Each structure stands twice: as structure tokens, then as C-alpha cells.
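In what follows, structures are represented as C-alpha cells.
Across the two complexes that follow, chain A remains constant while its partner is chain B and subsequently chain C.
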Partner chain A sequence: MAGSFEASDGLSSRERRALETLLTRLGDDEFVLAERYTEWQVRAPSLESDLALANNAQDELGHARLWYDVLADVGLDERALAYERDPADFRHGTLVELPFETGDWADAVLRSYLYDVAEDLRLEALTASSHPKIADRVGKIRSEEKYHREHARSWLERLAEDDDGRGRLQDALDRLFPHALTLFEPAVPPRLGAKASENDVAKAAAVDADVVDLGLRTATLEELRSEWLSIVVPFLESLDLAVAVDRDAENPEADLDALLPDARGRDGAHTEAWFDLHDELTRTYRELGRTETTTIMEAPDG
Partner chain B sequence: MTHDGTAGVEGGDLDDEANDADRDHGSVCAYTEYRRGDESPTDVPRTGAAADGLEEAVWDALAGVEDPEMPIGVVDLGLIYDVRVDDGSVVVEMTLTYSGCPARTMLTENVEEAVAAVDGVDDVGVRLVWSPEWTVEMVSESGRDALREFGLSV
Partner chain C sequence: MNLETVRARAGPRAFSPADDLPEEYREAATRMIEFHANSEIMGAYLERPFIRQAPSIDRKLAYSAKVQDEIGHGQLLYRAAESLGVKSREEMLEDLANGDGKFLNCFHYPMESWVETPMIAFFVDGAAMRRQATLRRTSWEPYAHAMDKVCFEEGFHVKHGEDILRELMTGSRKERRLTQEAFETWWPRIIQFFGPTDDRSTHHDFAVSVGLKQRSNDELRNAFLDQYIPKARNYGLEIPDEPRIREREDGTYEVEEGDLDWDEFFTVAKNEYEPGREQIRGRRTAQEAVQWVREAIERDGAAGSHAPRAAD
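After this line comes the complex of A and B, so read on.
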């Protein structure tokens, strides 16, 4: 039963919760990944790759803002969402919050690949969203995203050409793959100010079922995950990388669930790295009102 | 259009129907008629060629709003998808060339200010829309000339 999201007022509490939960996970993924990507500026292996990743970061930030914009209609302010929210209220998957291994470009391109394939699939599932503003944004975002996948794929192919590069990719894959699976976990409804309770965690799957039932997204998370696996596993295997998934196993779903990390991000539990990153990314905002400049040394006498 | 600082993050229990009903959603965004993405009009961007009266004055004001990076106005660039005038109340629908446009706030504020300064305009709403996606084909002929003069190949 598709809901009516033509008007933002008059939403039922079920509709509002589904909408907020969906948009928070979409916007937070993009916002946090953009923040991580910027760490590569002036550090990527070539000028071109530096610019490419900086550009991708700017794209993801723009996309985060497009999703947060829709939340503005239900009274949630973009600046508050980005800079004043408790870090525990973010609903991004842990894949996007993990720090890059120092100088490990394989980590950056593999992470981008795992994420961007997932993003394309979920955008496809938003094309016919029952929420007109969501549907309105999908074409623009997808047109910008296709370059991200091209960039990641071409780098993966280059890195996989020799043993050293492939070894780095394999390490990154072993480390990142469980976190990539969190992208397909149901999100605990954001309480936006209140602590999530165990009750909320149990509710996550039901709220995601509402997201689909109300037509906000037209595929389930299970369907998206299964599609994602059908794309990334053969591609990674074609590069002679070993993926920790046996798709012919008796119960592949249970195997995948067993791989999931303890903190999944979507459930409001995050790795320590997220809290450090959040502290850093909100620092300038918190210091907007400061009246004294930072000094790097004592003023010389006289 | 800017929602900056007008509303904080709301707390509260989403399970509480009564609490939910008390919230005032309407005051934050007054415009709720959205056009479906898959029913995108083919008649955008608009240029206001046939406008008269107050609407014409609004289009003239919009024509004077320049892109901050290139010597071209927002109308020639093809960013303006619709202008609706209802008495003194004006709604401008516009898009941007790029979702991550760093001049986003600047552009929407410049549009808002230019329209607000028109005699007879009481209030202005600027809405960003993203369908259909902007393409270089939406730039007007005179806009193309200006961009070529600037050194871009269009």
C-alpha cells in the first residue's frame, strides 16, 4: 500500500518514521563518506586521482544535502542534522566511517567500488519512489555516480595486475567486506535527540518493511544485497581476489549474517573511529563563535 | 527556501501519536506540490518570453542574476524551470548544473533577493528541483555566445 507523500504535512507517524529512517541512512552514508574521502586530498598517488577523489567527495556531499533537504520538509534542519546531531544518531553503515589504512590507496578504491555499486542499486530502487521529491533527485545523482564506479573499477583492475597490488586489495577486501554488508542492514529509526532503546533495534526491520510497503523504495534490503553480491563477487573474483562468501553454500544468507561486524552503524552502534571523525568534522562549526585565534607559539617577550 | 537556523533537531518519541500530531510541519516548508520525477515537463527551462505584468518584471529581475563563476545569467544558463505569480506571491523553481555546487546558497539567495526587490512582490519562495536534469542543451543561444566568448566550448 503506497503512501501519499505529495504533501509533507499530514503524514501519519508510520509514514513519517519510514521517511526519516530512509533519508537519514541515505544522507548519512554520503555525508560521512565525503568526509573520509577528503582525507586523501594532496595524498592520492597521482594528481589526477587526487582530483578525482576530491571531486567524488564533493559529489557525495552534494548528494547528502539533497537527502537532508527532503528532511527539511518534516522540520529537520540541514545544519542541525549535519553539525548538531549526537554522533550516535547517525545511521550510516560502518563501511564509510572506518579510517583508511595509512596511505593505502587500495583501501580507498575498493571501498569506493563496494559502496558505489550498492549506491547505484539503491538509487535504482528509488527511481519510482512514492515520494516525489525523492524520485526527483535520483536521475541527477545517478548521472554523477556513474563516474565513481568507472573510476573505482579502472583502479581495481590496475592494482590487481601485480602481486603486490593484489595483495593489498585482498587485505582491504578482508577488512572491508563485513562492513560493506552493513549497508544492507535495516536502520534503527533515528530518535534525533533521544537514545535508541533495545525496542528500537527490534523495530528496525519492521520500519524498513514499511519503507518498501509505502513505496518509498521499491526493493527490499535483501533484494539489494543479493543483487549487489551478484555484481561485486564475480568482478572481484575476476581480479583473482577471494571473497569471503560461498554463494553455493547451503544457507548463504546465514553465512553472510555471521560475517557482519558487531557495530553496524545502521543500528546506532558505531566504531570508535566514527566518534573521533565526528569530533573533527564538527570542530569548526563548534568554534564558529570563538573570539580568540589559535596561537602556535607563545608571544615573544617585548 | 533557506531553512538555516530556523528549526532545531526535534527530540521526542516517534511512537507517540499524540505528540506527533502536535508538531507543526507546515510552517517549515510552505510549498508541498511536487511534480513527479517521471512526469518531467519537456518545456523547461523557461525564459519568460511570453510573460507580462508582474511576471514579466520578475523575469527581468531574474535575467539580471549572474552565475558567480561564468559571465552568464541564470535565465540564459537555463536554470529557471518555472515562475509562478499569485498576486504578490512568487514561487521560482530552479535547478543547478551540479548537485554539489558550492555556490548553491549564494545562487538561491541572489535569486530570492532579486525577485523580492521587484515592485509589487510581497514574498518569494525559491525551490530547487532536479528533474529534468540540467544539460548544456538548456543554455540559450545568447548564453552559448557568452560562454564561447568566455572560452568554453559549447
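After this line comes the complex of A and C, so read on.
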């Protein structure tokens, strides 16, 4: 199967659906998280942390561009993907769409940690992707994510040394953990372009199986989740934080599934906050009646 | 060094932290640089909503980077101010939060729509560029040094602002109309950016005599008008009838200062203009909300260690 993505014009509908589903979940995660990170600009605890969070936001936005740009090959541009898509057709996990409560820096650094570990694992599973553009873009993204992870870990360690800080981290963890699990949920194929009929929850698992079967990603979501847990749980526990999973339980998978929130994002169900955010970020585009998006940077190579 | 010596030796980048400078100089320089640093922070505060409201990903990236640059300039300038030994960065940031810190008039006015963004990013930043370029020759070396980096980055901001203006003024009729309206609202404030005529400016003479300030308000404002009136017209903007602008025989411009609202200007300058107070309060609330982080870090044994850690 590998190699069939070398040319985009000969894709079967199965290949195209797998590609679109994978890239929207990747691009949407980055796009929406970046949007949330920018909320910390001019609001972070110090000028230094303000600069750092702004960096993260711009990195994630850059990654969103890289993933969305691969979809240009199948006729989907930024206008269609970011500015004119029905918000219900975004496929990011709910972890990235939740708003930050004012001043909740514990949420910012914990969310970044939970996300960046997951991000690193999924990028690893894309390094040998059968789609050459996807494989090529992984390297650049990974080098930046490494810095994000170190930044988040360092902040977590600092905050956890303080009683008040640790208490706030625990609150954030209790709230965010179920949403972090949505990162490993299969995505319902988004209704992009002309194919407006496909919004079938039952297809999600099958399409993700296609993603792996076609070699677009080389690990299953279950494998990624289990690897993620083996990293984040011991680390968080080492900071005296309690994680709501019992890895020695008889049926840990079922326990985890029970923790998942009602709206998972990947399934097209979102929290109210996402619709408000989408409304705000498309406001200028709509109010000025724009029909195209301005690019000022060159399209990424490869 | 006494004041006479300072005046005699005043020249570009003449003084550094190695010099023993009189209090008058150090206080005047602190006031000037602190004002500049505060303006960077409040400018960033004003523009931050447009990161989200930008109508494309590239514009969003550029806006996020711009706001980040302004915070970086603030950081750099507070350091240059701190090096005068009068006030610490914490004190300056605290004064800014509680409404004692002063900053540029334009950043007291709220911004509501994308069509207003080039009023700051092109005109105000362009005006700032003119002033900052002259400050590369200021007598306080750390300030001049900071200006090298600031001017370099501001150049990109102004280009981006100009590109947004060009896009709006070549866009739909609605976009052109809204942009013209925004221009009419902002134009008098932009002209007032340079402050009142020199003979009404409180600190002007001293700052010039010790080399802190290189050019007068009037010179800078006139140079700005000469450069930006043709630019504005070139993009299809109409210069409002008021304040009256006189074109001299040599093609340069002069504004009828009496047409500008100086009562409002001085109200703004004293942080007493209500919408500006709202901006100050908004930023203060955001700062108070993360006070717990600063306290948590101070408690966790890092007291006294200012060494940067990865978490910065």
C-alpha cells in the first residue's frame, strides 16, 4: 500500500477519506491550541513567560499551516479549512478548545505538557508515513515540540514544589485529563468539499484503521494512548499529583473509556466554548465579507 | 559627574552604567525610558485581540509575532531603564498597573475592529519609528543599544501594517469606507503622538541639553507629516479637513495645532481619560490573576536566585 500517496490525483475514495481525516485532526489540534495559547499574550505571569507562550502559539500555528497545506493537494485551501468550514466539522480533541480561566497558568502548563507528549508520540508514528509530504514535515515539527515539552515540564516541576501551586495543578489535572484522552479517539471523517453526506460516527474507527492500514500513520490510537499513559502518569505522580487512572486495574481500557467526556471533538461534538471561539476568530473574515485569505509567507516546501 | 560636565560631554551613546551621573540626569532618563517601555506593553495590550480576529493564518501569525515583539521591547527597555539605578522593573510594572505609569496617548483609545489595525500598525508605528530612529543617538548608551533592535523589528511591523492598509484600501467598497472612517477617528490622535509644540512640552529643554532627546517634537511631527500624508493619499485615504494642514511652498506640511483637542490630550497624558483607564484596569486585572504564580515561585526556594531557568 505504501507509496500510493506519491501523487494526489489518483487517490481512491478510501485513501482520500483517510488522508483528510488524519490531516484535519492533526491540523485542527494545532490550529485551535495555538488560538488558545495566544490568550496568554500580554497576560502571562512575567514578560519572559509571555514571550515563551507566544513562541509556542506561533509554532503551533506554523504546524497547522504545514498540515493544512498538505490538503491543498486535494483541493482544500485555508479558506475552506479554517475560515469557511462549519465549526461542527472541526476534528480537534476537546482538550485544545477549552478556554483558559483567567489567571489559570496551571492549566496552561499542564495542558501544554499533556498535549506535547501526545504530539511527540504521534509525530514519531508519522516519521515513516507512506505520504511523503507528511513524513517530510515531521522533522521540523518535532524539533520545536521538544522545546515545548521541556518548557512545560520545567514549569510543572516549579509549581508542584509549592502547596498552592500543586493544588492548582491537581484541579487542572482533574478537569483536563478526560479531555486529554480525546486526543486518542478516532475521528469521524469530516464533511469537506462536496461530500456533504458523510458524518457518520460509526465510520470513525474504520477510517482510523484505514489510516494505519494505508501506512499514513504507523501506530494505532490504542498504542499511542498506552504509550502516552506510560509517560505522563509516572511523571505526574512523581510531582505528587493524583491521576484518575488505575493502571493495575483488571480492565484499564474500559476504565479509560468511561472517563471520556460526552463531547470529544474528534466525533464532531464540541463544547459550547468552541463555537464561541470559532465565531470570534472568523469575525473579521465574515464582517468584511472576505472570500479569500491573505498569505504573506510562501507555501511550505515539499 | 556634575550637570555641567554632563551637558558638555552629552553626545550619542556618551554615558553608560560605568559613569557616575547626577540624579537629575538619571531621573530624566528613567522617566523617558519608562514611558517608552510602558508604551510597548500598553500597545501590545491594545493589539492583542486582533491576533484572534485576524482574517487569515498568516496575518494571525504576524500579529502574534508583533505583540510578542512589543513585549520583548518592553523587557529590553525596562532593563535599559533599570540600569540607571532609579527604579526596578517591578516598581515600574507596578506603577503601570496601578495607573501611575504614563504611556503614549494613542494606546489609551480602545480599538474595536480590524479596519483600525493599520492606524496603529502603520501610522502610529511609523511615527514611533521616526522618533526611535533618532533615539539611536541618545546619550544613555543602553537606551540607544535597545533602539537598534527595536528599530529593526519595528520596520517589519510597519511593513505589515502598510500591507493591511493596502489590502483594505484595495478591497470592497465597504472595507474602503470603514477604513476611511477609522482614519478620520484616529488621525488627530496620530498627529498628537508627537506631543505639543516644544514650548509647551514640560521636559523638553532638559532632555535636549543632556543629549537624551535628539530632535524636537515639532521637527519629528513635521517630518512625519511630510512622509505620511503622501502615503495616506496614495492608498486612497482622504485627509480630514480638521485639523487644518497647511502645505508650504516647498511641498512640506504643517498642522494648525489649535485645531487639535489639547484638553483631551492632557487628560489622556494624566491617565484620566476614561477609556484609557479601562485599558489600564483590564491589564491590571490580568496581572493580578497571575500574582499567585509569582508568589508560588518565590516561595519554592528560588528566592534570590535570578538565574534564568528553562521555565522562563
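One rule holds for everything that comes next: the second predicted complex is superposed on the first by the 278 of 302 C-alpha atoms of A that agree within 3 Å, B and C clash if a C-alpha of one lies under 4 Å from a C-alpha of the other, contacts with A are read in each partner's own complex, and residues count from 1 in each chain.
Basically, a residue touches a chain if its C-beta (ideal position, glycine included) is under 8 Å from a C-beta of that chain, and two chains touch if they have at least 3 such contacts.
Since the structure is predicted, the reported quantities are computational estimates derived from the model, not experimental observations.
In the three-chain model built by superposing on chain A, chain B and chain C fit together without any clash. Residue contacts after overlaying the shared chain place A:V138 against chain B, while chain C stays out of touching range.
Judged by the touch definition given at the top, the superposed model places A:G75 against chain B, while chain C stays out of reach. In the superposed model, A:T293 makes contact with chain C only, not with chain B. In the superposition on chain A, A:E84 makes contact with chain B only, while chain C stays out of contact range.
By the touch criterion defined above, A:P189 lies against chain B but remains apart from chain C after alignment on the C-alpha atoms of chain A. Once the two complexes are laid over each other on the shared chain, residue contacts for A:R175 go to neither chain B nor chain C. In the superposition on chain A, contact of A:E6 is made with chain B only, not with chain C.
Applying the stated contact rule after C-alpha superposition, one finds that A:S46 touches chain C and leaves chain B untouched. Look at A:R149: by the touch rule set out above, it reaches neither chain B nor chain C.
Fitting both structures onto chain A leaves chain B and chain C with a minimum C-alpha separation of 5 Å. The interface of chain A with chain B overlaps its interface with chain C at residues 58, 61-62, 65, 78.
The touching residues of chain A, when paired with chain C in their complex, are 31, 35, 38, 41-52, 54-55, 57-58, 61-62, 64-65, 68, 78, 82-83, 102-103, 105, 150-151, 154-155, 157-159, 161-162, 164-165, 168, 280-281, 283-285, 287-290, 293-297. Every residue of chain C that touches chain A in the complex is listed here, in rising order: 41, 44-45, 48, 51-62, 64-65, 67-68, 71-72, 74-75, 78, 113-115, 160, 163, 167, 171-172, 174-175, 178, 283, 285-290, 292-297, 299-302, 308-312. Residues of chain B that touch chain A in their complex: 3-17, 20, 23-26, 28-29, 32-38, 98-102, 104, 128-133. Those residues of chain A whose C-beta lies close enough to touch chain B in the complex are 6-11, 13, 16-17, 20, 58-63, 65-66, 69, 72-81, 84-85, 127-128, 132-133, 135-141, 143-144, 189, 191-194.
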